[in-house]
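Order of writing sets the chain letters: A, B and C. Residues in each chain are counted from 1.
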Amino acid sequence: MHEIKISSHSRSELIDISGFVQKAVADSGVTDGLCVVFIPHTTAAVTINEGADPAVRSDITTELDKVIPWNDGYAHGEGNSAAHIKTSLFGSSETILVSGGRLVLGTWQSIYFCEFDGPRSRKAYIKVVADV
Amino acid sequence: MHEIKISSHSRSELIDISGFVQKAVADSGVTDGLCVVFIPHTTAAVTINEGADPAVRSDITTELDKVIPWNDGYAHGEGNSAAHIKTSLFGSSETILVSGGRLVLGTWQSIYFCEFDGPRSRKAYIKVVADV
Amino acid sequence: MHEIKISSHSRSELIDISGFVQKAVADSGVTDGLCVVFIPHTTAAVTINEGADPAVRSDITTELDKVIPWNDGYAHGEGNSAAHIKTSLFGSSETILVSGGRLVLGTWQSIYFCEFDGPRSRKAYIKVVADV
C-alpha cells in the first residue's frame, strides 16, 4: 500500500496525481493487474478526467458550486455540507487496469485528487494488485 | 462472497453498513487485499462519507432531492426515475483497501448503503480478495 | 484485458454492454473473482442501472442535461464541458463480482457505456481477475 501526501491550496481544486500513481505502479513491480486509488477523506474525492486543458478542471469545480451551493439551508454545523455532497457524487475510489507495468489510461485521461474543502493537508492511498 | 440484508425505513436514507463490511473482512481471514462493496439494485447505491454527525446524511438526501426532483416530467412509468438517476450519480460499487485484517478507512469515514426508493428489503454484496 | 469497440449514435446515450462484459468473463475462464469495467475517455463513463424500461435511460440523460446545461459560461473552448462534468459524476470504473463464471448482477441491473459527447467511436476495457 502506497500513501501520497497532498497539499491543496484552494477551497475547490483538482490536483493531478497521475505521476504519483504511475510511480506506485512502478515501485510495486507489478506487470499486470489492478491499481486502486482510495481517498480517506469525507470532503475530498478521486476522479479521472482531461489533463490537457486546465479550463476543464475549473469548469468542473465552478459548475459543481452552482449545482451544490455552499449555502443552502444545510443542517450540518461545520458549514461544509456541500463538500460532503460533492464527495459522494464523485466517489472515494477508482480502479484502473495495469498492463506491461503501466496504468492503462486513455490519451486524455489524468487522475485527479478532488479537494472540495481546502486548503488542507491530505492524502491518497494506492494499492497495486498483481494478477494470479 | 458475503451478502448483507438491509431493511430501509424511509424513501431516501443512508444506512451505515461499516460494521457489516468489517465483519465480512474478519470472516474472510484476509490480512491484506481489497474489499469490494456492490449494491445489486437500480434505485440504491453505495457511498463513503462522514459517520460522526447524522446531519451530514440528511443534508445529502435533502440536497439530492433538490438537484434531482421527484417530479420533473419523467417518462418512466413507475414514478421513481429520480431514484434511478441518484443511483447512477453515487454508483453501485466502491473498493476499499484491507491491511492487517482491517478496512483502511479515514478517521471520519463510514460506508453507507444509500436507499433512494424505500422503504424496502435490500441487500449488499461484499467480496474480500487477498493479495497474491 | 479485453477491449470492446462501441459506436454511439447520439450526443447523450446509454448503451447496454452487459452481454460483452459477460462474454469477457466467460472468455477469461475465471469462475470466481472480480470484473472491472474501465472507460478510457474523458467525455464518457460507465454506470449500472435498469435494463427493462428504456425510458429510464432517456430520463437519466434528459435530467442530466437539465442539471448540467450544455451552455453555462464554461471556459473550456471545445464546447463539451458538460460532458466532462457528467463523466466525473458517473465515474470511469465499476467493479462487479464474479461467481460461478457469471457476473453477479441484480435482477434489474444492466451495465451501460455512457456516451456524453457523441456520436463517436469509443471503447471500454474489461479485466477479469480470479480469486487467489
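Before moving on, here are some points about what is shown:
Assume a contact is a pair of C-beta atoms (placed from the backbone, for glycine too) under 8 Å apart; a residue touches a chain by one contact, two chains touch by 3 or more.
All values reported here derive from a predicted model rather than from experimental measurement.
Annotation: the chain A:chain B pair of sequence copies touches via predominantly different residues, less than half of the used numbers being shared. The copies chain B and chain C differ by a rotation of 120 degrees on their C-alpha atoms, rounded to the nearest 5. Centre-to-centre, using mean CA coordinates, chain A is 19 Å away from chain B. Residues of chain C found to touch two or more other chains are 34, 67, 89, 91, 95, 129, 131-132.
On the chain A side of its complex with chain B, the touching residues are 1, 34, 36, 38-42, 67-68, 72, 74-78, 81-82, 84-85, 87-89, 91-93, 95, 125, 127, 129-132. Remark: chain C residues 32-34, 47-50, 53, 55-56, 58-60, 62-64, 66-67, 89-91, 94-97, 99, 104-109, 129, 131-132 touch chain B in the complex.
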